[in-house]
Each structure stands twice: as structure tokens, then as C-alpha cells.
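The same subunit A turns up in both complexes below, where it pairs with subunit B and then with subunit C.
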Partner chain A sequence: MQDKSSDKSAEKRKIKSAKIMREIMTTYYLDALTAGQNSKQVAWITSGGPVEPLVAMDIIPVYPENHSAMIGASKMGEDLCSKAEDMGYSSDLCSYARADISCSIVKGGPLGGLPKPDMLICCNNICGTVLKWYEIQARLYKVPLFILDTPVCHTQYSPEIAKYVQAQVKEYIIFLEKITKRDFDYDRMVKVGKLAVEAQKLWKKILNTTANKPSPMSAFDAFFFLALIVTLRGTQTAVDFYTKLLEEMEQRIKEDISIIPDEKYRLLWDNLPLWYQLKWLSNKFSDHNACLVADTYTTAWCSALNYTDENDFLNSIAQAYTRIYLNIGIDQMADQVLDMIKFYDVDGFIMHSNRSCKPYSFGQMDIMKIVQEKAKIPVLMIEADMVDPRSFSQSQVETRIDAFMEIIKQRSN
Partner chain B sequence: MIYAGIDIGSNTAKAALIKNNKLFGTHVISTGYNPLKAGIKVFKEVLEKIDILKRNVTAIVSTGYGRATVDFADKTMTEIICHGTGAHFMNSKVRGVIDIGGQDSKAILLDKNGNIENFAMNDKCAAGTGRFLEVMAHALEVNLDQLGDFANKADSPSKISSICTVFAESEVISMIAAQHKRENIIAGIHESAAARIAILAAKVKIKEPVIMTGGVAKNKAMIAALKKRLGCEITAGKLSQENGAIGAAVLASRL
Partner chain C sequence: MQEIKIFHAAIKDIPAMALKIKAENKKIIGHLCSYTPEEIIHAAGFHPFRLFSSKSDIVLAENHLQAYCCSLVRGVLEDSLSGKLDFIDGTVFPHTCDSIQRLSDIWRMNKKYGFFADVILPVKLNTDSARTYMIDVLTKFKKEVETAAETKITDDDLNASIKTFNLIRKNLSAIYALQSQKPGIIKGSDLYALVKGSMIMDKNEVADLLPLIADNLEKMDTPETEGKRIVVSGSICDSPDIYTAIEDAGGIVVGDDLCTGQRWFDGEIDEKNTNPVNAIADRLMTRIICPAKHKGTTLRGENIVSLAKENRADGVIFILLKFCDPHAFDYPWLKDFLEKEGIKTMLIEIDDQQQSSGQLSTRFETFIHMI
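Take a look at the complex of A and B:
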């Protein structure tokens, strides 16, 4: 029987909101690049950092990690990473850090460099590399650096951790007041907090639409649409956009429009994407009639919703930002993966062992074993890097993916 | 009905034919620079060898690194499924397959029906692959097919601690300079490669009986080193090198 969706044209399959998203991101970067002319301040912040207080203080947040992802997607990663190596940085250092550090000096990349920061906000809930990375940038730009230290919750969010992080959130507010020479706007913070929660709820709903068979979007689309929940969390723009995107996804489900022509197999992805190989990978899976329906990475921007109190946002920041996916124990991570395998009803799990991202890749072997044992689905581990293509071998990865898909097909017969 | 399998590896190109579910013929040549030409040649020669015409072949499956270049194949499939299927075809009791190829080494776990239950391949580096052995043979001025004979004469295998092929090569060179016996160094190289393969075998929780396939299976010392490391019996058939092509031919018959 001919699948209904396979008749639909590729044009119909395209997600229309992508165009709007590109426009929003262009405006966002233009605003950031011209901040100085509009007497606005710019803060560089780590991807897992609490951005909402910045938004409440009208400071433009800029994400070097998002920028490095853009560098990767523009296939400019190799050049910038090797320039950082020429400066003396090790090739073992995270490729986001290498790309950002060298870009600051050579003003390269798709934007010709990020706007100069007025301050740096570094939260180590995603990794330890950011500490040194932001120290380097603080020295280069001679700007103040705020560090929010969130201890890893190996088993639990203990009262000691809570007390420690809460105290730092207070210091964060004082830091912002000092730099902006303005009082913190607590009323605005309440509004921003509500918007941040709303956007995260919408993001979660959008990601959940892929539980539908066939899936209206793939993880490759999630990697793209993620930019707003990272950069514009806490703004009306993000809420409006995700409301529209959710509507589009729900409409696609109603009309039975799938993202790949003939979805037969559903896969879950772990770790960051290979930004410079998105198209190749997406075609590779599509050729096997496989859709990457979900991933652990984009889910991280709504996984702390349970710990966020929209009516008391500022006080829930400490817990919400400490208990994110990369800052918890392996057992809890594996539980989340198992939940996703069930919820999205996937046939296989692909883990990207990412040379750059140590906290994400460390422990993958254990998660792999747990998943194989409990979910009894095939698991594949591929070795690569998120930005540096020198750590990626196409023919090796291709053979592994092809073999993995052969197993999945064999099992389904 | 006759079916063909063509396996274009990084070193050698192999072809196999099966007829009425029985092995009908095999052939091996070196791949050289042009994998497509190698595919055409090995196929032509296997047909000549048993004197049949191309049009009598019902379906062809290609595999190996050059699988996509074989444009006259009906389907391409990976070495993993081909080696697994080939091993099961030659001996239906086999549950574990270890294949050391030129660029890749792999451990495959089969279920009772010969389906792939799990597989593990070497990570990006060349440690534990055929290339590792080639580089070492070159450094020690020994022909690749003599490596095993040398290793068998060792009295005290040298310990190679580097995992990386490049570092291991410089380690070997310093051993040569320190006048270690060539036989001992070579035995050490085999043990080092076996240690890498053992990791793959452990990853898939390999089950007996285990067979070894691929060109390196001709090297008896490698099999001995693996047996010692894995603590289980490992055998290799006469057609270990052709195993992937045989599996491809079997899969062609199922198209």
C-alpha cells in the first residue's frame, strides 16, 4: 500500500515557520551587534545560564555556544578551531570554545564576530570548560565575569546545594545592579519569568508532537528551532513564535504531513548534533525511512520545568538551573532516556560520542548498557565532534549507521 | 539460480557465487586504486573461473568500503550483515564473528537464526585493524603474510603499551633500536591487536562458537593471541577472507 504521505510534495513537507524563525534570529543578532549604538548592554552567557534576570534588566544576552553552532553549521569550524590551535590551545579543547576564542581575535565566522560584551555570565551546569573559557574572554575584553557554580546533583538536590546556589543567585542580582548602575526590576522579573516558563511549556509541547506517527518534524528541525528557546527565553517574541510553531505542528498532524516521505523507523539521538553534517545525516536516515524523532539535547531546555515555579520564578532559579540534564547522575540520565524511548516509541538509539563535549559523552557507555538491558533496542555509538569536522570520518560513520539500520530492519521483519 | 556477492575491501576485492543455496565459486584480487574496476574485474574473473555467463546471475549484492562504487550491483549492504550472514551460511551454529579488515575490525553477535543481535566496531583509530598490522610489518621489514610465522617463534613477547598506531610504530622502532628480538616484537604486536579486539568482543558479549573472518584470519598467530585473550575457542575456515562476499551472495538470494 502506498503511504499517503509519500504523495505529498517536498514543498508541503517543509516547515513554514522556519522562515519566520530566520527573520527573528537575524533581528536578534542585528540588535546585539548594534547594542552599543542604542546604549544597550550586552552580556555573554553560557547556554545553560539563567538568562531571565538579564532580560528583566534589558541587557541583551548573547550566546557564544549558539554562535559556535552557527560557525559549525556554516562549515567554518575547522578553520577557526585550527586558528585557536595556532594560538596554543589544545586540539582536545571543546570546539565551541576554540571557535569562539579564535573568532574573538580574528573576527571571523558568519557574523564577523560577536558584539563586544559588557559582562560575562558563566554557569557551570553544562560543563567545566566554560569556567576557563569565560576567564579567557574576561581577560581579553577586560569585562567583569560572574560565575554561578552549580554542583552536580549525583543523586539529589541536597539542602546544602540549595543553600549554596540560592546565595549565588542573590549575588547575581547584586552583580547586575552594580554593572548596570540600576536597581533590579523585580516586577519585570515576574513577567519575564512567566514568559520563560510559557516558552518552555510550548517548547515541550512542540517536541512532544513527534510522538505522533508519522512525526511532523524531526530532531534535525528541533536543533534548528532550539535557537529561540536558548537565546530569547523570557521574551514575548519566543512565546509568540513557539505558539505559531506548535499550531503548525498540530496542523501537520491533522493533515498527516510527515517530515520524511515514508517513515518506517523511529530513532532517538543523544548528545549535540554534528552541525556541519546535518543535511548529510538527515538524508542518510531518511534514505533508510528512518526519522530521528527526538533527542536528549533539545529536551534539555524544558527538562527542568518540574523545578520551576512560575509564580516565584527568581527563587526557583537555583533548583531549576542546577538540576538540568547534564548536571545530574548517570542513573537519572538513563531514566530520562528510557522514558523518551517509551514516549516516542523508538526502534533504536543513536549516541554521538562527542569529542568536544566531555560531560555529555562521559557516562554514555553506562547509559548504553542500561538502555540495551532495559529497553532492549539496538544502540549505536558514533564518534565525531559537534563543530570540528576533523574528528569525523564520513565513510566510517556511514558504515555504522547502515549496519545499525540493517539490524533494525532485520528485527522488524 | 545463481547469486553473486562482491566485497570491495580496502586491500582486496572478493567475489562469491552461490547456486541452489550452495557455494559455487569464489575469487580474490587486490583492490588497487580503482574500486569500481576491481569490482568489475573480480566479478568477471569469478565467472570465468567456473565458466558461466553474467546473464545467468540473478542478483548481485555488493559490500565493503567500496560497496557504493559497484554500480552493477542490485543492492549494497554493509560488511556487518554480510560477514554475519556468511558465517551463519558456512556454519549455522556460529554465534560470534570476529572480523579484522583493512580499516575496520568488528565483533558481531548472531542469534540462533543468524540474525545480527549486536555489533561493535573499532573506534576512529586504526588500533586493532589490519592497517595496524600492515604498518608494523612495514616497520619491521616483514611481509604481512609472514607476521604470524615470526610471532610463533617468540620466546618472550614484547609489551606494546601505545594504543595509537602512530605511537605504537615509534614504540616498535625504539624496541628495534634497543635490539629486542624481531619475533618478540611481532608477538607483542599481535597481543596488542588482540587486546583491542577483545574490547569489541566484550562490548557485544560475544558467545561461542566464535569464528574469525577477514584476511587477517589467515594469520594463525593472531587467532592464537585472540584465543588467549578471550579465553575461548576461535576457528577460521579456509574461506575466511571470502566470507563477506559469501554473505553478500546469500543476501542477494533473499532479495
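Take a look at the complex of A and C:
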């Protein structure tokens, strides 16, 4: 049993905005689930896709990836993934995709399935998986599929790529006009674009607050608070919420409230989280007085900022969405990791080698070497999966984290 | 047939064959995808050369790619790191799947060979803007190759290469058609050697040999041996033993939808097009599609059904490489498409490294008896 005073300090450490965020997400999903009754259209869209034109057209965006993360967090991943396997999908495929594909058929998961889409928007800037996954859903739901093809910028965003993606942004608008049978609202788009940029700027500031020692929040909180920047980007709701969250973080810094009781070590995380083991993992680190201060995953939602022009949003979409974290070469990814290591002043780097996500995980070993050489900090690679717990061995990971933390402790002595 | 033996010899000792090409003062440009614009490489006087894994144990590649990466990608990287590919002078990476995408980065960062190019082709193949982009990318690639070769590729050069490749494609298609008309006329392992050989041997030599083989086959009668007609589908099938195992089990491969098969030689380039780069682009946009590309949501299903029907297939065998996402995503619905037409299917998941077909034999037998 904990004593009263530690109860109190734990209470103090809790992030208050979490409750509001839950309410917002509940409202959002209720809206989405009842869209048909309110004669609103629903678009399913990939997490890296340009959602702003949908918001400008009053179409409700729904994110199967976010839904799959919820499935993982509610520990329903194994069941749904294995159901997909029964349907013939290999267990080696992305567990977000497996969970969503079977959920569409069996209507399982925490929400009993997502609302039926009126259209599908797939941007392949994150992976080739989404292309195949959305083709499957397009056949199942018999709805139109728009693909925004964003060629990989291994070394550069070339003029050919720019021209191609720009042309497709126009095709995207025409597609939306056709499906909604309405003209595109360019004035509204300007406003939505500004809100999207504002939300991303706030998100970046929020993530940056963890450079403070001790850190007012951790990557585990970022994983949770990420949902809004993904799903409600371009709305006033997201801007208002993140304004409050930023205030809370700044207040915490002023009052010296840290997210873990006695932060001694600071770590950086790479790749998607283990949605089904967030709590265990976060306790594990905090037992070692280590705080996961930042991660490459949630940071990806501000990387577009570098190329977004808030005064000419629609025209900057092509570049902003093509040059995101996963759609660049490994060497550029390593540079970004090195920047983060410096900015957040971390003592160690943990890489989740995620069986589900090949574009994120292949190349990690090269990044690891670069980090070891240039930043000279210890790196740990753990093998797991973001949603499917069958590829995760708790005891093994625990032993490895313990050993890794020993090294970090010795180094800091 | 003596000509077929030349193909067998070439694929048996690939480094030796490569050295022969180098002795003619030709630079070898390796690549890993059937969408590689080989004509452009060839027109510059280079030798386009499809990379296959030598199937050595994975040791060095372990330091770059996790075990859940497909065996083709890991195997080829292993060969590169262990020096087995030191005979190549450059590499070209058309964008294929997520695994190849990262292999390209790792390869580039290793800086092993002189020439390196990413040819980031469109994933969509059904829009005008994708076609324009395809042409832009090919034009850019042509310039890169010209710089590397220190030469200018003229339209005549390109047209000549297009002719050679068209000849190869036409003859391989003809040989496949003959096998389908007169099943068993050529052994599966021979067919395999012809396609693989065509991908790595000197193109002029291939263009000379294939018509002779096609002519010979044309003259031959349908063999007495009976067998169930099989179509195979998947990514690469780099194992003659698999073909033999199918035959031993009572099947005959009468058609395929493979990278190491029809997908490589399907569709000819329009020789009348006055713009050869556009002509190359048009073939890439229209040839039989690979699952890493997009052209509507049902095309691959329609393709496999018509392939099976045209070849009067008794069954379709899916041969997929483990950890290959694009193919694994397509398998369940392709199977549905076929089964709706009453065509039976079976799935085998293989590892490019694994060579023994012992276990497979029993499974092939069971399937072939059933159909």
C-alpha cells in the first residue's frame, strides 16, 4: 500500500488535461458513428494523409490506424489479428491492417467497428502497406478510393516529385467535389489550413517542453495526446485543447512538477509504442528513475511544419506531406534522431524493432550504428509489435531493459 | 536442346558469366525489379543485370536487416556485403516495396559500387499525372545514365535497345504460349532457366538464342505425358526444384504471374512511337501489374482469373516469399476471385534461401491429386 503523501504526489503529477482529451475523443467518435443520421459523409484516411481538405468540406475523417491503436490499447489486438489470419492474411503483415481488416468483418473492437466510409483517402507517405490495406477496404465497402502517391525522397524532393504530387492535390480536390457533389470551399480551406498549422505549432511546443529537467510529461503521454493532432488537425477544438495542454505543461515546469517521481535518466524512443503494454513499460522505466522524454513517432506530426506555408496552405501540402519522417532516407532520419538526442539531452536511445512496420524498422540498425558513433550514447533494440502481443516477450524485454539501465547508470557515475 | 543448355550454364555460374560480359568492356548495372527501365541502361552500352540472391547464409546482412525482412532482400544484401557482387559497376533501385525502399538506403549508404540511382516510379499507374511523372522520372534516369556512361543516348540507340528487348519479350511469350498449347513440351526447370538467363545474360545473345528455341519447340509434337495444368503466382520463384517438384507430383506449369516470369516480359514497347522514352513509359504503365503498384482495386484478380482461364488451368499455386507484404495482402482475395470461378488454389510460403523441396513435394501431390 502506498502512503498518503505518495498518493498525493501521484495525484499532483497526473496531467489534468487527459480527462478533457478523453471527452473530446468520445464526442468525436460519437459524431463519426452517427454521421449517417446527421447526413454527414465519412472518409477513412491514413494517418499521414492530408486531412485538411476533408475538414474544409465538412467530411468526417476517420483514422483506421488510430482505431487499431485503440484496439491494441484495449488488448483486443491478438484476437482481431488472429481473426485476420483465419481469413488468409499472413501473421507477418502490419497488425494495424490486420486488426482493421478483421474488425470490418466481425465488427469487434472497443467501438464495435468503425462507421462505414463513403470514401477512402490513402496517402502512401508512410508505407506501402496502406495502399494494399485501402484496396482491400475499397473492395469490401465498394466505395471510391483516392490515392495520394508521394514518392519517397531518398535523398531529395525533386522537381519531378513536386510536380506530380502538386497535380494530385488538385485531383484530390476534384475527387472530393465529385463525391460530395459540392464545390470546394477555398475560403474555408484557408481557415482550416491556418488552424492546422497552429495546432502543429502547439504540438511541437508541447513536445519541446520535455527538454526541461525534470520533464513535465513523457513520451507515454505524447502517445496518448497524439490522437487529436492526428484526427482533429484543422479544427478549433484541437487548437483550444493544445493551448490548454501547453499551459498545463508550462505551469508544471514553473511548479517543478515532473511526470516521474525522481527523474535521473532521460531516454529517447524510436518507432511506434507497444499499445498493449504502455503502463507496464512506463512503470518499468520509472522504477529505474528513467523518463522517456521524447520519441520519433509523435514528433513526426510536426515535421510537416518545415514545409508548410500557412498563408498558402493548399499549395504547400504537396511538399509538406511528401517530406515526412518515414518518407525520407535512413541517413536523414538518423540526422533527425541525432538532433533530438541533443535537444532533449538524453542518456540512452531505445529502438522498438517493430515487426509490423517495415519502413520504420528496416534501417534501424544502421541508424543505431550512426547514433552510437556520433552521439556516443547506449542504444537498446527490443523486438516486439505495436498491437499484436504474440511477438512480445515480457520477461525477455524486461531483462534487456534492466541490463540497459545498468549500463546507463554506470556511465553516469 | 543445345541452346537451352547455354542458359543453364549461365545461371549456374553467374560470376563467371558476369566476367565474360566484363571482358567485353561492358559495365554491369545490377537491379532488383521487373519495372527497371533496362532499355535505357542497355542503350548506354551498359549491361542491365537482374540481381538474385546466391542463397548464402545470412551473416553480414544480420547487422542491417532484421529477420522479418524478406529473404530476397536479405540475401542480396548479404551477397553485396560479402563481396560476391564485386563484379557489378552500379545499381539501380526502382521503388518497389517498403523492404526494397530501405535496402536502397542501406545500399546507397554503403557506397560500394560506382553508379547508384533510385528510380522512384509512380505507385499509381492509372492516371495522366502518373504517366507524366513516369516519363519525367525516366528522362531524369536517362540523363543520370548518360553522365555515368559519358555518352549521349540517342533515339536510335534507344530504339535499337527497345527492339532487342521486344524480341526477347516476344519470344519468351511465344515459348510460354507453346508450353500452354503443348503442355510438357519444355521442362519447368528449362523454362525457369530461360527466363532467369534472359535477365542476366548478354541481351544480344539472348535475342539470338530465343527465336531458335521457339522455332524448335514450334516443330515439336505435344508430348505423351499427361499432367494437371498449373499456373503459378507470386513474387520470385528462384528455384528450379520447385518446378521439378510440381512435375513430379503430376503437374505441368502452363503459365505464371511471377517477377521471374511473365511479369518481366509481358507487353511490348511500341516501336512506332517517335518518342522512345514515352514508349518505354507506356509499356510500364500497361504491362501486367505487380501488387506493389496500383491500377484499380480488382485488376490483379481479373488478371489471374483470365490467366488461369486462358491457360485452362486446373489449379493455381501461390508461391509467396515469407515476409513479402504486397503479395501477402493480395493472396486472400485473389484466391477468392479464383475460387468463385471454380479454380482451386494452394499456397506455399517459401524462403529464397531454402532450397530443398522435399516437404513441398508431398503438398504438391496432395493438391494435384485433389484437382
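One rule holds for everything that comes next: the second predicted complex is superposed on the first by the 405 of 413 C-alpha atoms of A that agree within 3 Å, B and C clash if a C-alpha of one lies under 4 Å from a C-alpha of the other, contacts with A are read in each partner's own complex, and residues count from 1 in each chain.
As a working rule, a residue touches a chain if its C-beta (ideal position, glycine included) is under 8 Å from a C-beta of that chain, and two chains touch if they have at least 3 such contacts.
What you see is a predicted model, and the numbers here were worked out from it, not measured in a lab.
Undergrad: Could you tell me if A:P261 is touching subunit B, subunit C, both of them or neither one (first, second, both, neither)?
TA: After superposing on A, A:P261 lies clear of both subunit B and subunit C.
Undergrad: Determine, under the contact definition given at the top, whether A:I407 touches first (subunit B), second (subunit C), both, or neither.
TA: First partner only.
Undergrad: Comparing subunit B against subunit C, which has contacts with more of the residues in subunit A?
TA: C
Undergrad: Touch check for A:P378: first (subunit B), second (subunit C), both, or neither?
TA: first
Undergrad: Using the superposition on chain A described above, determine whether A:C127 touches subunit B (first), subunit C (second), both, or neither.
TA: second
Undergrad: For A:R139, select first, second, both or neither according to whether it touches subunit B, subunit C, the two together, or no partner.
TA: second
Undergrad: Pick one for A:G113: touches subunit B only (first), subunit C only (second), both, or neither.
TA: neither
Undergrad: When the two structures are overlaid on chain A, which partner does A:Q396 contact: first (subunit B), second (subunit C), both, or neither?
TA: first
Undergrad: Does any part of subunit A touch subunit B in one structure and subunit C in the other, and if so which residues?
TA: Residues 383, which sit in both footprints.
Undergrad: Can you list the residues on subunit C that touch subunit A in the complex?
TA: 63-66, 68-69, 95, 97-99, 101-106, 108-109, 118, 120, 122-124, 127, 129-130, 132-133, 136-137, 140, 291-292, 294, 297-298, 322-323, 325-326, 328-333, 335, 349
Undergrad: How about subunit A: which of its residues touch subunit C in the complex?
TA: Spelled out, the residues of subunit A in touch with subunit C are 87-90, 92-94, 97, 124, 127-129, 131-133, 135-136, 138-139, 145, 147, 149, 151-152, 154-155, 158, 160-161, 163-164, 167-168, 171, 329-331, 353, 355, 358-359, 361-366, 383.
Undergrad: Using the touch definition up top, name the residues of subunit A that touch subunit B in the complex.
TA: Those residues of subunit A that touch subunit B are 372, 378, 383, 391, 393, 395-396, 399-400, 402-403, 406-407, 410-411.
Undergrad: For subunit B, which residues are in contact with subunit A within the complex?
TA: Touching subunit A: residues 65, 77-81, 103-104, 115-116, 118-119, 121, 123-124 of subunit B.
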